[in-house]
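Presented sequentially are two complexes of chain A, the first with chain B as partner and the second with chain C.
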Partner chain A sequence: MDKGLLAYLLIPLLSAVVIPFAARNRPKLADLLANVTLLAGLVNLLWLALRPSVIAGGFADIPGDGFSLLLVSAVYLVGLCVTFFSAWFLDEKLPNRQAYYSLILVSVAAMTGVVTTTDFFTLYVFIEVLAVTSFALITTDDSGAGLEGALKYFFLTFPASALIIAGISVLMLSLGSLSFDALRVFMASDIPSGPVTFGAALIMLGFIIKAGVVPFHTWTPDAYQGAYAPVSAHLAGIVTKISGVYAIIKLATLLRFFDGRAQALSGILMFLGMLSIAVGALAALKQTDFKRMLAFSSISQVGYIVLAAGLGTPLAVMGAIFHLFNHATFKTVLFLNSASLEKSAGTTDMEKLGGMEHSMPWTSWTSVVALLSTAGVPPLSGFWSKLLIILALWEAGLKTYAVLALLFSIVTLAYFMMMQKKVFFGRKSQAAESSPEVSAPLLAPAVLMSAVIVALGLLFPYFYTYVKMVAERIIL
Partner chain B sequence: MSVFAFDWYMIALLLFAGFYCMLASRSIVRQLIGLEIVSKAAMLTVISAGALTANLVFAQALLITMIVIEVVVVAAGLALLVKNFRVKGSADIWKLDSLKG
Partner chain C sequence: MIYHALLFAAAVVFAMWAVMARRLLTSAIMLALVSVTVSLIFFNLGAPWAGVFELSVCAGLITVLFVGAVSLIRHEDEKHPESRARFYALPLALAAFAIAAWFYLPEFFDALAGWRRMASGGGTIGLALWDLRRPDLLGQVLMLAAGVFVIKSVFPRRTEK
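And then the complex of A and B:
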């Protein structure tokens, strides 16, 4: 456990316990408590990472390895956007408002636990806590679709946990310890690594299932589409990324893929990454539901991160970390916008929508920023992360993968352009006539996130220094 | 055959039984039972590994925590099953197909 960041785990947990009691008869107090907790945490984190003296010193004063600080900030940022959005989005009649906020805060605490832990067993514990809160959150509105999504999520993540447990016991047999450092030291030595790699591969397989990488992706679209609208932003933006992709990047650095140890595993991981890029992008092309298309796009973007993690060179790890953060920003904007559409027009079916730009200009333009960033158009943040990943692939001599990654980036642009044309541009449809722009508080999170996307793209040199520091610390 | 080889042989059998139970049944409840068997097999690996490395105390501590966590996960899963049965009126896994695209 990284003790410097322990408070960011405990305070949301405390708040989650307090909310059901304090706000039992005052539902508005639940909104307030959840938002204040996350806002205070985020301000605190920004001060820790972005105060002028730290920036001037090239981020050398960051506690821990810097990776956990970056991801805790991402967790708090997305969590704050989701709770702020929910405060205005939730139905007044929703009976379990307090439980909803409690669960969001517990999931924020669990995610903080996941990214700050330093051994596999604690990682497993927090992943399970996170999974339980996700099941409950997906079914917030008690709809049949939500239940179906949650059940599919449950039936696929449960065997993944069994695989992680089996991997942990193989590591116990072969390595004798479960801490990250023991694995790192072992992989840096010259001892043949067979059984240890096998244990790590079992754990990694569990996390690949939880991340929704392609052969195991079937639960992802259903869970995202069925989930209650703000919850799908929370899930797609951060929960599945932390519960699956984070651990894959961490294992990739611990197994020292860049040294050529565990080469077979690295090759398989890269292949699966490429497969998810392709399948996700091609499946997204023919979706008719906005949220389901975003889910397939999410699978495709996770593919980029897994591909880079599988390569494992410092440049690729930088790209993976940067893309993980970017994914949190742009996918949150798109899912929150789909929630706004659902509230205003009552549907997310792309065939029924059209010309929404005339009545919902803000929603339309924040979507444009987010989708251009996803497709990797300069100068937005997504461009830089994809550039890093493709450069790393090219540098390592994997020219086929580099070219394919670039090509599917264009496919990404294609399906998003089709979505934008069908939903926002074009002639005004019947839905557009009757649906006004949502209120300013509902737009604020999307606008904030779009500002983050543009700012990260323009202030890339600073962020590059940060990510470089992180990659150096976690690889060496 | 040593005791530990026998342990892992039984564990593999148990895993297979669990996965077979999941594949062969249509009822969600039976699928959950299959999942339970799989996860029990995975937990047996932990205690076996602890015994093999003469680290039984550590393995027991891990295992008890895992059991507690698993109880919570299964409780959440069962709640989903019951709710699904109330909403849909059936526990057939093949009827979970309303989300498509």
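And then the complex of A and C:
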């Protein structure tokens, strides 16, 4: 485990334990404690990564592989947006306010554990903690849809855990160790990979299910749509990315896809990635519910990351890492905006909404920034990550995949434009007449994330240096 | 070897019984018997720690929870008997799997055993699982905390309603 980042796991855990006692009679104190914990952590992380001296040195002083630090920052950033939003969103009468914040903090701690661990068994334990907390968080408002989503999440991701533990057993038998380094060293040697690749493939399959990659995506739309509004931002923005997609990228680098070891696995992964891009984008075109459309869009965007991870060349891994971070930013904005719509207009059904821009201009324009970035429009951050992925595909001679990835990027723009037209632009609907813009604190997280999207796009050269350093460290 | 094979066969029979039983209580008891046979297999394979945990947690604690829950819903359960027809395919599927396994699995296990010898420099499985693990204990602390918060989150709502 990366000891340097251990504090980012322990402090939220400590806060999670303190909250039920400290805020027993003052529920608002739970909001404060959760937000302060995450804000302090984030400021600390930014200081670690973005000190002028660190930037001037080309990020060479970053401890560990840099990948963990980047993802812990993403976890804290999304976590902070969600808890800040929740503080103003939660129903005053919610009887379990303290437990809600404790669960969010435990899930932040578990995600930090996932990205800092260096062996498969510990990874498995943290992933299971995430599954348990997500299950309870999805049902926060006790609605029927929430329960349905939570049960589907639990029962469809449970076989994934079984596959992961079976894979870990085979890996233990064939490799004699569960550490990431042992697998890396083994794959760099000339010994035929046989059962080791088989074990890794079982683990990979488990994570593919957890990431909601097609054809194992059926739980994703129900879980995101049914979940309590801020929780869907937490789940789609970061939880499924860390519990599934991160592990896929990590395994892809450990298995050294780029030098042709485990070639079959690499091919299958790329195919599933492409399938996800296509199925997610085409299904998103047909949705009438805002949150459900975002869920299918998530499946499609995860496809880009999986496609790049399957290719495994340094440039592709850079694209995958960058897109993973970008996805966390733009999906958080879009899901938080859907929560704002739900609070103000009382529905996320796109047929009933229309002309919301007139009454909710901030929500509308932050959505525009996020959707343009998702579709890969320059100069926003999503453009750069998609460009890296498509360039990597082209460079590796996979021209069909490169062209298809580009085409589906246009489909992404199409379904988002349709959404924007139906929900925000056009004539003022009845819902728009009676729905005012949500309060400033509810808008703040979406505005902050939109600023991050624009900043990452404009300051791409700096971010490129960072991601290049990460790719070099985790591949070599 | 015969004792070992008998234990494996018994575990499979109990497992199938647990799935096909008409009454939930029988299922719970059969599941406990699966755990007992598996723990005997663990003892037989020289893994007493795993055997003890399997026996105390799976055969003991979980069975108590299951029997308790079944006795709470027994009344309802008897009112709406479930159709079991689809489970009759299970023995057939199991037989097909057994035939396939007879041909393919020994070879796979031989290959795995070969790999195990190659990897033996890393120490025994027991050493790896029990002595070299510290970070995952932190994960288990986190799991306990998560369990407590899940209960705290879900139950107040139920009692309010």
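Definition applied: the second predicted complex is superposed on the first by the 476 of 476 C-alpha atoms of A that agree within 3 Å, B and C clash if a C-alpha of one lies under 4 Å from a C-alpha of the other, contacts with A are read in each partner's own complex, and residues count from 1 in each chain.
In this text, a residue touches a chain if its C-beta (ideal position, glycine included) is under 8 Å from a C-beta of that chain, and two chains touch if they have at least 3 such contacts.
Please read these numbers as outputs of a predicted model, since none were measured by experiment.
In the superposition on chain A, contact of A:A414 is made with neither chain B nor chain C.
In the superposed pair of complexes, A:A145 makes contact with chain B only, with no contact to chain C. In the superposed model, A:L406 lies in contact with neither chain B nor chain C.
By the touch criterion defined above, A:P20 reaches chain C but does not reach chain B. Of the two partner chains, neither chain B nor chain C is touched by A:A40. Judged by the touch definition given at the top, the superposed model places A:P221 against chain B, while chain C stays out of reach. Judged by the touch definition given at the top, the superposed model places A:F121 against both chain B and chain C.
Residue contacts after overlaying the shared chain place A:S102 against chain C, while chain B stays out of touching range. By the touch criterion defined above, A:G194 lies against chain C but remains apart from chain B after alignment on the C-alpha atoms of chain A.
In the superposition on chain A, the residues of chain A contacting both chain B and chain C are 121, 125, 128-129, 132, 135-136, 139, 142, 170, 172-173, 176. Looking at the complex, you find that chain C touches chain A at residues 111-112, 115-116, 118-123, 125, 128-129, 133, 135-136, 138-143, 145-147, 149-150, 152-154, 156-157, 160-161.
Chain A makes touch with chain C in their complex at residues 1, 9, 13, 16-17, 20, 95-96, 98-100, 102-103, 106-107, 109-110, 113, 117-119, 121-122, 125-126, 128-129, 132-133, 135-137, 139-140, 142, 170, 172-178, 182, 194-196.
For chain A in complex with chain B, the residues that touch the partner chain are 121, 124-125, 128-129, 131-132, 135-136, 139, 142, 144-145, 147-152, 154-155, 158-159, 161-163, 165-166, 168-170, 172-173, 176, 221-222, 225-226, 287-289, 292-293.
The touching residues of chain B, counted against chain A in their complex, run 28, 31, 35, 38-39, 41-43, 45-46, 48-50, 52-53, 55, 58-59, 62, 65-66, 69-70, 72-73, 76-77, 80-81, 83-84, 87-88, 96, 98-99, 101.
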